[in-house]
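Below, subunit A partners subunit B and then partners subunit C, in two separate complexes.
Showing the complex of A and B:
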């Protein structure tokens, strides 16, 4: 029994070793995931790259103040723009992440307490959504202080400017009151993501994408093991077929786990990514690695040619990642696509991860997702065992 | 009981194709036995059954008194298989390949280390032990392929055409190491379609064709099967097929074949038949440009038994 276990480990070890010796794999495993985490972090997480265009009248003090406030908001750089048309075109072309339009008369409106509309321009993407929340919050904040000061000025005959300072001071000393605007398409969403650190979203969505992709890529090594005749040769040794199958599966599993740990550890240490409850995340990741292993084993048994398998693996890995919300968050999916997403392990894993990371969920909160993933793993590993056994003993 | 390996009535089909039909033979302890046959004769299929990779449709294999089969771990422990196709990891070094298989054969640490070093020495790869096998020459890969099969010092070493595609020098080295192993008392089952190899290495030879063992014995016994016959080789210019057809009907000729531009005839006695053979060829469009008469060898035995040449 111990001997069999040791042999399983040996077969797995050699498969891992061979996987890591392939240069292109090293790039995919070590470099690409981190590059994408950083890229998405900068794009999506509202990092230094997020530019907000602003069109405002120069002689309007309140408008200038709003622009300053937006500029000091973390991760946003405000770019002054001359007119609405230019702003519109810059935003639509993606040169700016979003834009605010502050019509003339903003200061007067604030003081008089009249209703006033500030325009927000954004593409239908999540970056714009999260920018919008920030704008809403800053506007509401300014409006509250100025509005309160104006009212007080009317009542007390003091100058509005003095009162604004006073109000701001008063507010400093008060418990943080969050100002939220009425949800108009996507605001809840922005709220959800605004709780995340800059790189959190990139890291958790890339995790499953890459674990699955890397695992599928390792199916090429399995096919080589068959092609090279080594798998058959193993069968001529006293080592039994189940031990060999377990070893080959173990090889895939170790590759998947290795990829997962690498992304988790490096992003946690290097980018301060929060991975939530350790137990829940561990179970989730382990199950997802098993699912990936099963998929890789099926691929490695079905194909006869390693480059075909790599191609199919990358294709399948990317398609499932897109459908399962690893590229675009599931929250942005239309209802029909959500139904499709349910057939991918990625969607279940991403949903569970969102619960764990964004809402501080524990293992009890993601039982259903974990069960479904376990089901995926059992079915895929079962099918793979059947196919591989047949391929090796034919 | 001195039989190391016994095969009784082995049969195996792939779909409608009967690859092996009723093969029985045995190999004694320390004996080197050759399975000689052309491409597709069923040698590899036999060997796969003997090594426990394939379940026979009928028949039995016994190795050192133990029944062999896909689940027979104990019997497999007594057999070392060197497959016809290279079965090594090209992305691992020779040492890593050997170490890996030594573990699969269940060698303990001390023995594993010793055997890996010994085998590297035997196959002459000690100097290149750390390089990836993919960077080796064809002959070196073949030697590594063989080395893996002898790691656990099996009682029976099975080599399936180990010299195919190997340069003459490596080939000789391989044959020498097989001879050494046999001298040390290891039983060897050796398949080939090279008659010279079978004659040089094997105590006994089984001739296999179309899935059946058509003859078996020592070289002497096999050649004796075609009695006192002679081989006449007529080198021709012109239509060699027509020349063969003409020779085939000459009295005293038991079989004919064509090897490139030469007609090979098996005749009861060379001297009295030569004039008739030359006349027969002369009557066709072809001319005889050279004549050779010699004693028959195993290739001629094969020709006699099957009516065709061992090699295409």
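Showing the complex of A and C:
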């Protein structure tokens, strides 16, 4: 028994060494995950704000005030842009979600009660639509003073310019209607996101993306083991088939675990990412590594050559990661896609991770997710064993 | 020379088609990823807010919202509204996810607003539906701004007249205020069809991302021949090394063009994407394939085996792809400048410029940049490869 275990460990060790000897794997395992965590952290970390470009004359006080008001509106970050052409191309290229163009003479128009038009540029997507409603409301708020002054001027035969300051004073003292928002059901997204560190969001969802991707990449080495006849030579020794299979699975598992530990340790130490309850996170990560191992073994037994396997591996790894909420948080998924997401191990792992990290959940809070992941692992490893046994012995 | 190169090209293409991995990279994966991503980002047309309305007030100001604002949005197809008798029903519906949000107009709302005592519109949102939540809040806030505007008109008039206006006169002014055209309005400066919609952006991004993997097969093919010893046999024939390179490059070029063209057409017919004017798109595709070939030939010249080349090229393709914003557009700040050092970024930029302009010539700056990328990398790449084989 001990001998068999030693053989399993030995085979796993060789598989790991072969994987690490390929220098480009080192890049995929060590550099790319961190680069992405930093990249996504920098891009989405700043409060997930929607970027709105603004072209406004510096010397126009009213225009500057409008820009400030837009900037303080919830969910909007204003980016100053020099001129209309630049704004147009940034919006049409998708660098900005939208833009406003405040022509010269805004302050004068507001003072005199003349009508005025502000240009809005939006991407043809639903985000721009909600952006437009926000911009409209902010603009209307600012213009309300002018509108009030001009109607009051008509009614009382006074000049608009005189009444502007009065209207502004009146507004200061008005209680005004309020809009309050209350989150009901679901996860309390807004609070959770604000409680997360800049890199937490990127790190925890990327963890599963990379563990899975790296495992699938290691299926190429499994194919070489078959192609080079290493596996058949092992079979000719007194080592029994189950031991060899366990060793090959062990190799994949070690690669997956290694990847996971690396990301967790470096992001925890380097960026202060919080990984929650150690026990719950460990069990979750171990189970997910088993799932990845199973998937890699299936790929490694189905395909004949390594370029096919790496193609399918990258494709599957990315598609499942996107579907499972590792690139865009599950909270932002439309309802129909959430159903689809449930078929990926990533979605279950991400949900569990969210529970553990954001709500300080323990292992008892994620029993369901862990059970499902265990189910994924059992099925995938079972199928892989069957396929690999057939591939090696026929 | 050309005949020999063509023979190599034909043989390579046949070989690649037999090995299905190129089909995966060139067609299947990009389309699948585009499809999945596009399902996650609703476009303007298919976005609809399902919301509940609870009118506990029942008076005119509340009706202005329920029968005015909301009814108009329902007519526009932006909102699917359901009326609830009480808050508990709406709350349960939001919680269960039957509706994404609910507006509650509390009892006494109209009276509070008319008396200038404020008043509150409450919005219940399901945080799992972030966009719907934002839109629901935006709609309520729009009505809030409108009410505040009217109150301000009345209050300002009353203050300016110093008590000289009667109640009925103030009511008249309020009616004028309702009808008053806003002093400042916003107009749409850019038509939706002047921009790449999200699906087209994604489709093009994925296509150019995987283009860099597709052309790789030409270069790894060369290294494979060297490893398998077939290259020596080719060179033993009266064929120059340049001819072999030409054949391989032509193979990669053809694969790249075919892949991009198929993806452009397939994403247009299957996913309703539109890359813009066909002439401009064609020019950009050719330039994009040239840049991919040049960059990948250069990277491949550092590899000894096909596997090494494949891996190195994946790294470069990933880094350029991310910097160029193929997965999500990069913001406008400093990070945005990153896109300028990536051929992927230039390709997407070219498409954006093309859709925003009337003429295909809008792609010329991006085309020039792409070709420059190709040439700048291809020349040292070719020199290195020549030295390696010699």
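Throughout what follows, the second predicted complex is superposed on the first by the 252 of 394 C-alpha atoms of A that agree within 3 Å, B and C clash if a C-alpha of one lies under 4 Å from a C-alpha of the other, contacts with A are read in each partner's own complex, and residues count from 1 in each chain.
Assume a contact is a pair of C-beta atoms (placed from the backbone, for glycine too) under 8 Å apart; a residue touches a chain by one contact, two chains touch by 3 or more.
None of the values given here were measured: they were computed from a predicted structure.
Chemist: Pick one for A:22: touches subunit B only (first), subunit C only (second), both, or neither.
Modeler: both
Chemist: State whether A:235 touches subunit B only (first), subunit C only (second), both chains, or neither.
Modeler: A:235 sits against subunit B, while subunit C stays out of touch.
Chemist: Which of the two partners, first being subunit B and second being subunit C, lies in contact with A:91: first, second, both, or neither?
Modeler: The answer is second: A:91 touches subunit C but not subunit B.
Chemist: Of the two partners subunit B and subunit C, which one touches more residues belonging to subunit A?
Modeler: Tallying touched residues of subunit A, the top partner is C.
Chemist: In the overlay, answer first, second, both or neither for which of subunit B and subunit C A:8 touches.
Modeler: Neither partner.
Chemist: So in the superposed three-chain picture, is A:393 touching just subunit B, just subunit C, both, or none of them (first/second/both/neither)?
Modeler: The answer is first: A:393 touches subunit B but not subunit C.
Chemist: For subunit A, which residues lie in the overlap of the subunit B contacts and the subunit C contacts?
Modeler: 22
Chemist: Residue numbers of subunit A touching subunit C in their complex, please.
Modeler: So the residues of subunit A touching subunit C come out as 22-25, 27-28, 32, 35-36, 39, 42-43, 51, 53, 75, 79, 81, 88-96, 100-101, 106, 109-110, 113-130, 132-137, 139-156, 158, 163, 166-167, 170-171, 174-190, 305-308, 310-312, 314-315, 318-319, 322-323, 327-328, 331-337.
Chemist: Residue numbers of subunit C touching subunit A in their complex, please.
Modeler: So the residues of subunit C in touch with subunit A come to 19-22, 24-25, 28-29, 32-33, 36-37, 39-44, 47, 78, 91, 94-97, 113, 116-131, 133-135, 137-142, 144-149, 151-153, 155-157, 159-161, 164-165, 169, 173, 176-177, 180-190, 192-198, 201, 213, 220, 307-308, 310-312, 314-315, 318-319, 322, 325, 327-333, 335-336, 339, 348-349, 352-353, 355-356.
Chemist: State the interface residues of subunit A toward subunit B in the complex, per the touch definition above.
Modeler: Within the complex, subunit A touches subunit B at residues 3, 6-7, 10-11, 14, 17-18, 21-22, 225, 228-230, 232-241, 393.
Chemist: Going by the contact rule set out above, which residues of subunit B touch subunit A in the complex?
Modeler: So the residues of subunit B touching subunit A come out as 51-54, 70-71, 73-74, 76-77, 79, 81, 83, 85-92, 96, 100-101, 103-106, 148.
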